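Next come two complexes built around chain A: one with chain B, the other with chain C.
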Partner chain A sequence: MAKLRLDRIKPLVALGAFLFAWWIIPTTLKSFLEASFSEFQAPAWVATSYLDDLENFWARRSHSKVELIEAGREVARAKSLYQFNSQRKETLENEIQRLEAILNLPSRREFRYEVARVVRRDLNAWWQQIVIRKGKDFDIPVGAAVVFSGGVVGRVVEVSAFTSRVELVTSPNFRMAANFEGDVRPVVYQGLPQSGFGDPLGTVRDAPQDVIASTQIPLKLVSTRLGGTFPPGLMVGRVSWLEPGNTGIFQAGEVELDARLLSLHEVAVLIPLYPIDLENDVP
Partner chain B sequence: MSGYDVHRGENPRIIFFFWIVMAATVTLVLGLGWRQLIAAQKYEEIEKRQTERRILKPGPRGDIYDRKGNLLVGNRAHYSAVVYLDDLRREFRAEYSKIIRAERAALKEAYQLKPLEEREDSQLTPDYNELQWVARQNVIQRYIDQINLITGRDDTVSTRAIIRHFNEQLLLPLPLVSDLKPDEYARLIEQVPVQSPIQIHTDTARYYPYGVAAAHTLGYVQNVNPDPDAIPSGGIKTYTFKTKIGKTGLENSFDNLLSGETGTEIWRVDPLGFQDSLLDGVTPKQGENLITSIDIDLQIAAETALGERTGAAIALDVRTGEVLAIASHPSYDLNGLSPYIPRKTFGEINDRGAWLNRTLQLSYPPGSTFKLLTSIAGMRHGTITLQTEHDCQGVFRIGNRIYHCHARYGHRVVDQAAAIEGSCNIFYYAEGLRMGIDVISAEAERFGFAERTGIEVPYETGRLVVPSKEWKRERVGDGWVPGDTANTSIGQGFLLVTPLQMATFIASIARDETRTQPTLRALSYAKGQQVNHGGEPVGLTRKQRAELWEGMERVVGDGGTGRLVQIDGLRIAGKTGTADFRAHGKEVNLAWFVGFAPVENPQIAVAVMVEGTSSLDSYHGGSTAGPVAKDIFLEFIEQYPERAGFKVAR
Partner chain C sequence: MFLDPRAILLFGANVLLLYLTMLVNSALVGWSIYLLMLGPMLVFPVLYLRHQSYFICTLLTGLWVDAALPSGFGLFTLGFLFAGAFIFQMRIRFRADSNYHLIVLAHGVNFFCILLVTMAMGFAYITSLGFWLQVFVTSLASHLVLLIVAPWFFNFERMLFALCRLEPEPEDLPIL
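== the complex of A and B ==
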């Protein structure tokens, strides 16, 4: 009979001891350790992200001058369009403020935009979270809305010194109030476990009975200001079908999300300018 | 060969025990077989009763529409934050341990502070049962505080509510906060983590897009616990969500149609009664929809025209008896009664006397509008002819009593058409006395004034009085006197009718029949053509009818009492009435107008009654009720120009 060699099971014993210790230490300490580990990793992620940017920069250097000039012209055109839109928006905002003052309406929430590069998609959360390159250094708060040109991206769930973690709109742990475009009644949007293939999906429930969706005319699901996190009207996704839910009256259905959510490079965090006043603010 | 084999055939003790063991084995096998094969069903049922629970989920009610498909009553979302107690069990235990430790420490400290002679061991034992409820309340209140923080509310939970829920509704979610506003609901959706035990529950509450319009007719619902025995459960303990039943109006009359189909869920529960797994379920289904005959545009016109005054207005389709509008004022906003009636709202409606449906729950003297019936009775009886005339000097003596006409100096010589036009009391006093009360009573009964109309709205009053000699002897205890006949012939005295009856009466005249069966259900064109109102032809000759109608048309003419109802291009036949009535403990005026249009092809019949609420109110049929009727006719022209006889450019 072979002699039991204790040195061979040493690693197992060490692992067991570590797991036991991890099991018994207080939750506060665990959270602290996790946060410390994350902070420790963050610089490496940020550095990798900067290197990616540098790589992209050098890749673009290989373009010809003609191509760069053409791209520059495109940028100039886009800029002038944005300037025009910006002026228009400012005029409309002034008009809204004037009407609000006349009608004595409660003020709307105002946001500041903080554009941030996406560092990585978090493997630990089944790719349902992203890490962005801005954190406490830019006063990013937990719970802030994150958007991109296609609409809602998600919500900030954790903020570190230089990075923030964002729960994506595709995540089953993400839920928000929304409404169908042109309809003020709130419905519930929630992410779905993603299959890994095809466009990302979510679900919608509590849709009123008279709302009709079809593949020919899909309904636009947009954010509502009622929840207090998102400004109104941001695109969440499109709904092609609705069917009666288990209440016997409200409908539920699937939401097709923007495919670009699977390859995000840059997002904007909406930071509320003032804390919400439950009495006087329109959320 | 073993020792046993040697003795088995011989030793009687072994044989004896062998048979005992054999008998016991056979008994066991038979018993097992009986229990497994024959009594299995019984045990399955016992097992089911012990481990399964049923939840009844009532289906949403059907919608109510007007005749054009406008939603009158629907379902809106009713949000609440709930928690399943099963999800909190670990927290209950943790909180309970914490409280027990604290309580024990406190008791020990108090114990040690006491003098030795007052110390008893029982003083060291906490009340475990009470602490258990305190622990549960603490945990639940923590979640409510979380909701309060997000919504800005200030809700609390009582131990009593928790105990009641544990004992009666354990399998159902415990409501933490009910009747959330849409913004509160949205905030909770976004700010309560998905993994939290707090769930946002969406139920339905009745919703009335037009608020006060036709409130009494549509009715409201009440939340009740459904009868769990209505759906056989096979002995499984049943929990039920509250359901809604129609309390008044159409909600009550068509409760069976509107009620949804109840859904069920069968849950396996653990030994403590908490849910374990869902075994089976049937989704509730919404009830059937009801399409009413009401035209919401006419309804709103009637409601707006009545305004703040107390009264009733009804518009009927002359041909089918369909109710196009039915308004009773004062009214109330039905949305204020959903999802439940707040005590304050109930009291406020009660104080205004708004619960009463004045179209059919209260009866009033019809005043001069009843003269049309006196005319018909007289013509059929032969006492009123085309040549009948009376000289109205403004007063009429019956015995020692003087009866007045409303025209102080009289109408001078009037025939029947002129008497209708000017609403001459003297003409009808004289003619009433000539024909006698028996003729008037019989005619009123023929037109259905002694019966309920049978409309599909509950609580129609039975206090309808068509006075006769027998009636007075029985009810009042006095003999009939000529003055009673005179009063009855002008619609005063003991006579009591509902505004709805007056609407059916004028619709019957327009159709030249004695009865109109009002209905609140929209009829298809084919059904509308086949309506049998159950009456008979009025029985007037063409000339007699022409004279009656001529008088009614002259009422709305330049010199008539109802001239304010005139509409260019629409021929209206009507009759005004002003009655004295004792209500609210004082003498008040009642203003009436009944009429139909267009005269050449009657389509709509209208009855309006406006009730004075103070002795200072000086109401008259022509000037008070007439304009209300006019607004209804105008809206009818707007909505149905062709039926009103107006040409429409195509």
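== the complex of A and C ==
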């Protein structure tokens, strides 16, 4: 009879013992367990991503010669435009350096761009993250900025051996300093819980009272050097309405983000060329 | 035997289900649909295996899910073991030979998982209408898809037992 009772409460006893063990296990051991399981899963996702690339390669191979020639022409046109822009950029950079030297300005943060494929997208009510195909093998640091052709994508929150997890700009956990284009005063951008209907949204706070936004002339919210993660001028989103915030001193409003954020295939990670120097870097 | 070989098979099947679900989720991002289908992972181990094998299989599955999803590490491990202990206690009431009871159980566990992750990850946005709207859409889509996926998954697990010539019947049922 006693054995029978013990049998019946066995699952509860085991659960209680496990809960106690989980409670006393050191955090380092839990982190080790998490990292081990994550690294064990990573090759499957990397392999899936490479299979995707292969599929795209074979899909492109099926294009006709006429289509390929036309695509080649377009690439050649784009290449000549980019070559011209590159020369112009070089000239402008030299000019900026000359002026900075004359004015004895402190140094700016420089970044290296690491382009990475998106291997997985996890966007839902609870988290808004993507996984990219580069990690410690490409010296991706935690906290690095991630961008794409439409502007800011997010920030690296976890780095594994071959993959990294990126918190998207749409996530409520994501917050950054920003400013409106043509206005140097900083504002605070934060992601919002997404409803899943319509384009992704964020929110902007601490906007000065004299800033006016309208649907006819929406304001462009861009990144600023403040915080040191993002280079200035990267597009965050558009603000078409501002209203007095909770304090009444500043304004707040919704930020319309780029819809392409939901279907990213390739992003660029900005890796600082040297660590942040709070004393000498431009804020 | 320390570990029932079926526990390893069931863990493998769970890993496959999670991988396929995440692949589908990755592709469905454009439509703002997300599927959370963790319910079926718990059903076979809890109904078919002895306690020791069930525990190891569920623990490994929980750790695997926790490592794959950005939720707090340990959330699904503890959640699975909690739900598993609850179902294990009354598993005599469920008929494992037909899919009907199994599907009902899968839906129950899945709903518990959605509730768990909502409480753990969404507590800060509890006043946001958008958040609840997306939780509702996610729950609805997940449970609708589960109506198709759960029977397939259970039949797939039975097929694995048959292929590996393992015992297709539940064991260690409690004596009343």
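For this structure, a couple of remarks:
In the analysis below, the second predicted complex is superposed on the first by the 253 of 283 C-alpha atoms of A that agree within 3 Å, B and C clash if a C-alpha of one lies under 4 Å from a C-alpha of the other, contacts with A are read in each partner's own complex, and residues count from 1 in each chain.
Just so it is clear, contacts are C-beta pairs under 8 Å (C-beta built on N, C-alpha and C of every residue); 3 or more make two chains touch, one makes a residue touch a chain.
Keep in mind it's a predicted model, so treat the numbers as computed, not measured.
Contacts of A:W22 after superposition on the shared chain: chain C is touched, whereas chain B is not. Considering which of chain B and chain C touches more of chain A, the answer is C.
Once the two complexes are overlaid on the shared chain, A:S263 sits against chain C while remaining clear of chain B.
In the superposed model, A:R121 makes contact with chain C only, not with chain B. When the two complexes are overlaid on their common chain A, residue A:P172 makes contact with chain B and with chain C alike. In the superposition on chain A, contact is made by A:R8 with chain C only, not with chain B.
Of the two partner chains, neither chain B nor chain C is touched by A:Y274.
Look at A:Q194: by the touch rule set out above, it reaches chain C but stays clear of chain B. Contacts of A:Y50 after superposition: neither chain B nor chain C is touched. Touch criterion not met for A:F32: it reaches neither chain B nor chain C. Counting contacts by the rule stated earlier, residues 172 of chain A appear in both its interface with chain B and its interface with chain C. By the touch rule above, chain A contacts chain C in their complex via residues 4, 7-8, 10-12, 14-15, 18-19, 22, 30-31, 33-34, 37-38, 40-41, 44, 48, 120-127, 129, 165, 172, 192-197, 262-263.
Residues 143, 155, 172-177, 185-186, 188, 190, 205-206, 208-209, 224, 226-229, 244, 246-250, 278-279, 283 of chain A are the ones touching chain B in the complex.
Note for the complex: chain B touches chain A at residues 57, 59-60, 75, 77, 151-152, 182-183, 185-187, 189-191, 193-195, 200, 202-204, 260-261, 263, 281, 283-286. Here chain C touches chain A in the complex through residues 19, 22-23, 25-26, 29-30, 32-34, 36, 51, 55, 59, 63-64, 66-71, 73-74, 77-78, 81-82, 84-86, 88-89, 117-118, 121-122, 124-125, 128-131, 133-135, 137-138, 174-175, going by the rule given at the top.
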